[in-house]
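Naming follows writing order (A, B, C, D, E and F), and every chain is counted from residue 1.
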Amino acid sequence: MKIVLVNPNTSTDMTQRMVETASTMLPPGVELLALTADRGMPYIASRTEALIAGQLTLELLAEHAAEADAMVIAAFGDPGLVAARELFEVPVTGMAEAAMLTACMLGQTFSIITFSRTLVPWYEDAVALAGLQARCCSIRVPDCTFASVATVQNELEDELVALAERAVLEDAADVVILAGAPLTGLAERIADRVSVPLVDPLLAALGQAHLLARLRVRAPSRGRFARPDAKPAVGVAPALRAWIERSA
Amino acid sequence: MKIVLVNPNTSTDMTQRMVETASTMLPPGVELLALTADRGMPYIASRTEALIAGQLTLELLAEHAAEADAMVIAAFGDPGLVAARELFEVPVTGMAEAAMLTACMLGQTFSIITFSRTLVPWYEDAVALAGLQARCCSIRVPDCTFASVATVQNELEDELVALAERAVLEDAADVVILAGAPLTGLAERIADRVSVPLVDPLLAALGQAHLLARLRVRAPSRGRFARPDAKPAVGVAPALRAWIERSA
Amino acid sequence: MKIVLVNPNTSTDMTQRMVETASTMLPPGVELLALTADRGMPYIASRTEALIAGQLTLELLAEHAAEADAMVIAAFGDPGLVAARELFEVPVTGMAEAAMLTACMLGQTFSIITFSRTLVPWYEDAVALAGLQARCCSIRVPDCTFASVATVQNELEDELVALAERAVLEDAADVVILAGAPLTGLAERIADRVSVPLVDPLLAALGQAHLLARLRVRAPSRGRFARPDAKPAVGVAPALRAWIERSA
Amino acid sequence: MKIVLVNPNTSTDMTQRMVETASTMLPPGVELLALTADRGMPYIASRTEALIAGQLTLELLAEHAAEADAMVIAAFGDPGLVAARELFEVPVTGMAEAAMLTACMLGQTFSIITFSRTLVPWYEDAVALAGLQARCCSIRVPDCTFASVATVQNELEDELVALAERAVLEDAADVVILAGAPLTGLAERIADRVSVPLVDPLLAALGQAHLLARLRVRAPSRGRFARPDAKPAVGVAPALRAWIERSA
Amino acid sequence: MKIVLVNPNTSTDMTQRMVETASTMLPPGVELLALTADRGMPYIASRTEALIAGQLTLELLAEHAAEADAMVIAAFGDPGLVAARELFEVPVTGMAEAAMLTACMLGQTFSIITFSRTLVPWYEDAVALAGLQARCCSIRVPDCTFASVATVQNELEDELVALAERAVLEDAADVVILAGAPLTGLAERIADRVSVPLVDPLLAALGQAHLLARLRVRAPSRGRFARPDAKPAVGVAPALRAWIERSA
Amino acid sequence: MKIVLVNPNTSTDMTQRMVETASTMLPPGVELLALTADRGMPYIASRTEALIAGQLTLELLAEHAAEADAMVIAAFGDPGLVAARELFEVPVTGMAEAAMLTACMLGQTFSIITFSRTLVPWYEDAVALAGLQARCCSIRVPDCTFASVATVQNELEDELVALAERAVLEDAADVVILAGAPLTGLAERIADRVSVPLVDPLLAALGQAHLLARLRVRAPSRGRFARPDAKPAVGVAPALRAWIERSA
């Protein structure tokens, strides 16, 4: 089985950390192909950036969809997720959606903890897209700043632990999601310091992708996610264009 | 890894079929312990029966919770699911919840197809419990009758296929869930005759239980699902009583 | 007219207090038969306990349904309410539902005040079951502890008054419900110290049961609450079994 | 105990029928004072008329609020209900709200059956005001016409029975509310021909008013329904003006 | 083009200020006819007063509907708006609705800032009527008092600015609506002191009325807002009666 | 005043028709600059295409934002609307949002009528984004096919009229929105054949853009729509890149 993972940020360090974390989760026999955007932003934060990242994600997925058993969009916020499900025939998961749905089996309410206020509107969109507003009791951000997304999970570790506990006590969160690719791997490290289950979105997205691949459901030929008919797509990157034009 | 599966109906034939279907899904190294209720109803249909089945489920789970890595409540409607999550420290999944959350990654809307009208109010409860009313576009039942729950999936196969297609065309379903333990295994057989992905709730519940076990999240010590303090429980079955009284 | 009241807790003292409070409310000519669970928990607090109490409630109701004009489930949280309405043909009310619906005629929003944090998830379930989340502006609990459920309404009287006022000022509650059977009778005592109407759930449940009995509506033969067909129910308590099997 | 009932239509025949129906419900010792609007419309149907009727209702209530233990607004649609609760210190019920809340104890969903399409938007408002959209599965009207509101319940009896059954079968209604003052008394006559419980809104409103009066809750001094401070009200009918100006 | 504006309060000073503010907004060629209620309350605050004001509004509108291209109800809370749309064939806007819908194009969430706590329940009604509860993140009121509605916008200017900023920081408001006719004109004056866009409801209502008039949509002959059939309306003010009776 | 309109489809004929329709609406002194995408799809239909169109829209808007008083995204579905509001400081409207909000002032419910089934999921997204699901009573599409988007409004005129009337009668629509840029101008032609008001989304979007420009609200410096800090944006089209990098 082959899972394709797309990091829509241009940071290869982040992709590398994801690969390392994934290796603790994926069973033997599952090959992981991890791709990094070669254009765009080092770290997506606004909804403008998420829109641009959505197209970059589609371009990368289009290059490898034919060989994949499942695909993962490795940014909390899931840029391009709906379009990817429409366009490609293998299962696609996103970190935000997978984390939230997984959290729904561990408690009634979840809180999303992240590290930068600029991310919040985008994450709100992800909650709304999943229709899980009633189960998301808060999106919380520490008040302090940090030097780099590469080290933010270490810099803010104590603040994030404290924030998680506040989400439990003040927002009645049953589960805490540590959101944003830069926090990948943190959940395992701080699990003993937080009084409710923590969800690591990358592990959730990989686990759900793996599960969907094993279920071997057929791709839809009707409904919102049936692959669209061929359409000219001038000026679109080659692999994506070929996929949209069904010329590949 | 050991997964405990409880069939809260008294039908051992149904448990046997579940074990066979599960064997196609579970990876090597996962042991499945499948239990069947020895009291109660041959097949739960009403909400009264679901309430009684909830307690029977807790009793069976209590006998084996200490040895399990994850547990599955193998009746669509998930009798006892909330209580089980509160009481036990290992992950617990239910067929209805797992099927619906899995469907949410395959489309925006799902329809639940089942075989008997008496089941509908109970299934409505499961949709409401998950807060997924906005994504469940219909619960549909064939108009015809059947001879036995043991053979209903064969007796009504054509009707269920037709009903699934109507859910797609008339209700705009992106995914169809074949609900009710007696339909276990049907999804694979009819997948090619339905134009959208089908979800088999048993496979979803087992897959999600397996995933949750692999995530190794810690049990909560706070929140709605922290294990309650010890409490006297007179007249309750021994293993469940011991679990509630924390005397085991 | 005969109203059957079931206290699903094993505390007979609590039943006694309920009978005394009821006597101030029920008009002449209404007979009240008050029953106490002889198994289970002295005071239901968790959702596991509520599930078990639901079955005990059905067992007690089944013993007396034939002679009742209306029945009351006398625990806030209403264990077994939906099943009881499905199974029995006389009207059944529950303290939580009756209190909330009564509150809806006294204001737009209500706050639920109770005495122990462990009760909150169960009460949340009751609000959700009634679909009244938008009208329930808070569920509040004092921060202090108490010695006994038998005396909690006296021990915490000042704290509960203060909490009710905070619900009015901070949560914009128009009505306050004093929830939990141990608070029965408190509303009348503190009414002059709280600036909005107080609802005593036992009086609401008895009053609504009495009203429903006087309306003499017919039992449904269709819909979610039509009595289910006979069904074998092995291992279930005799009166309940007879009711389910329609063999009484 | 004295209950004041206001018919905001100018039809005294309708008031007379209400009094007769009420006499079957109210216990001995309850005095009913029934008032009829002396201006306005013979039968309120549009939302413009409902707005005008709201003020007429307040005027009539203001004349008798001081002597009442509870008051009933006897038009389905409840003109002036919110204002009356704000202004007066005794409990006030309305036919629509009381019928819907009563129906909520008899089933999960209710359908509202009435006799004229022009009433539907106003009744939709009543459902929305109560926040019960999720429990109201339909508002249905027969396709045929009728000669007079005085006789409409006889003219359309068969059509209304058929419509109620369709609401049960097609809309999954657990309860049917026969809405509109001209249908007062019909529920009892056709109860045996409909397969679910029927609610007569007048009986519900009277019963709930009686119940609220017996609960003797105190009037709020804070919150949305605290009586407003005195205010000049030039050109308003004398009793209402005196009430608003607190000059009575 | 002629726009009729009704101030349902009896304060002509307020009408005068509205006319001045309007003059900054309306393009040349638009005539504004501004009317003031000659009965009722100097300043509507409660829902009782809003009900009475609704009828007064209809009376004034009825006197001028035949000559208007669009009409504006110039009180936040929009007394009589639904009825006016039903009754009259030209477009009608209200300050609350127009302000909220305009705010929806400037951000995702809005906060309503006003000057008196007694207004809040009425404004809540306006939010609910528009179905915009999910976008209204707060309704806020300063804690301090003021001497006169005529000068309140100057008296409380600093407090209102501070409150707007709190709505941005604490409630995540993207837009702030300065609600209540006495705040007309304030938005322009304090715009530079608030960090998000401010909406002046009078300008929004006039602007939307102007826009609707220019769209020249036809009046409905079906649906909720088709003009009702003629109906006797005894005791109603002449112009309104003539409109309802279609005798004008 | 200058309004920039972006047609994110590559069809210049469609842009031309929009300009002609706009000329009937915009007052003298308003300059309209209409742009057409030079890459992408001739007519956006799927959500993949909408994602790509979103970025193209941002690119075109970025080229002209500095000179605009307001900007219009001229495709029903509003590709890039949220990002554009975040990125640019002048008001931006979209055809779907503006049409729906305008419809909300003409009735309680609206139906969206369009010409191709493939558009429906995208339009559903627009309804959800505006949070207006409760007011959108249907999205309807004729069952027949058409030869060209350039002539579809003529080819299907009778079918669209009939569909609008069905939306009124069967879905209780108070207003009908004729959705999709190819239907621009149709509303005026068929207004007399439909019994409720019709909204032309282009006129609504232009009218609302004009109104917002005249309100001269300040751009937010806080909240979800404050312009993001400068950010490197490698590989993004020059004008958009300069805007994101704040280097222009």
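Heads up, the rule we're going with is that a residue touches a chain if its C-beta (ideal position, glycine included) is under 8 Å from a C-beta of that chain, and two chains touch if they have at least 3 such contacts.
Please read all numbers here as calculations on a predicted model, not as lab measurements.
Asker: When I count C-beta pairs in contact, which pair ends up with more: A-F or E-F?
Answerer: E-F
Asker: Report, in degrees rounded to the nearest 5, the angle of the rotation taking chain B onto chain F when the C-alpha atoms are fitted.
Answerer: Result for this pair is 120 degrees.
Asker: Can you check how far apart chain B and chain D are, centre to centre, with Cα atoms defining each centre and the answer in Å?
Answerer: 44
Asker: Report, in whole Å, the distance between the mean C-alpha point of chain B and the mean C-alpha point of chain C.
Answerer: For chain B versus chain C, the centre distance works out to 30 Å.
Asker: Could you pull out the residues of chain C that touch at least 2 other chains?
Answerer: 108, 121, 224
Asker: Any idea which chain C residues touch chain B in the complex?
Answerer: Checking each residue of chain C against chain B gives 10, 38-42, 45-52, 54-55, 58, 80, 82-83, 86-87, 118, 121, 125, 128, 224, 228-229, 231-236, 244.
Asker: Across the complex, what residues on chain D touch chain C?
Answerer: Residues of chain D touching chain C: 25, 27, 85, 91, 93, 97-98, 101-102, 104-109, 130-132, 134-135, 168-169, 172-175, 191-192, 195-200, 203-204, 207-208, 210-212, 214-215, 217-226.
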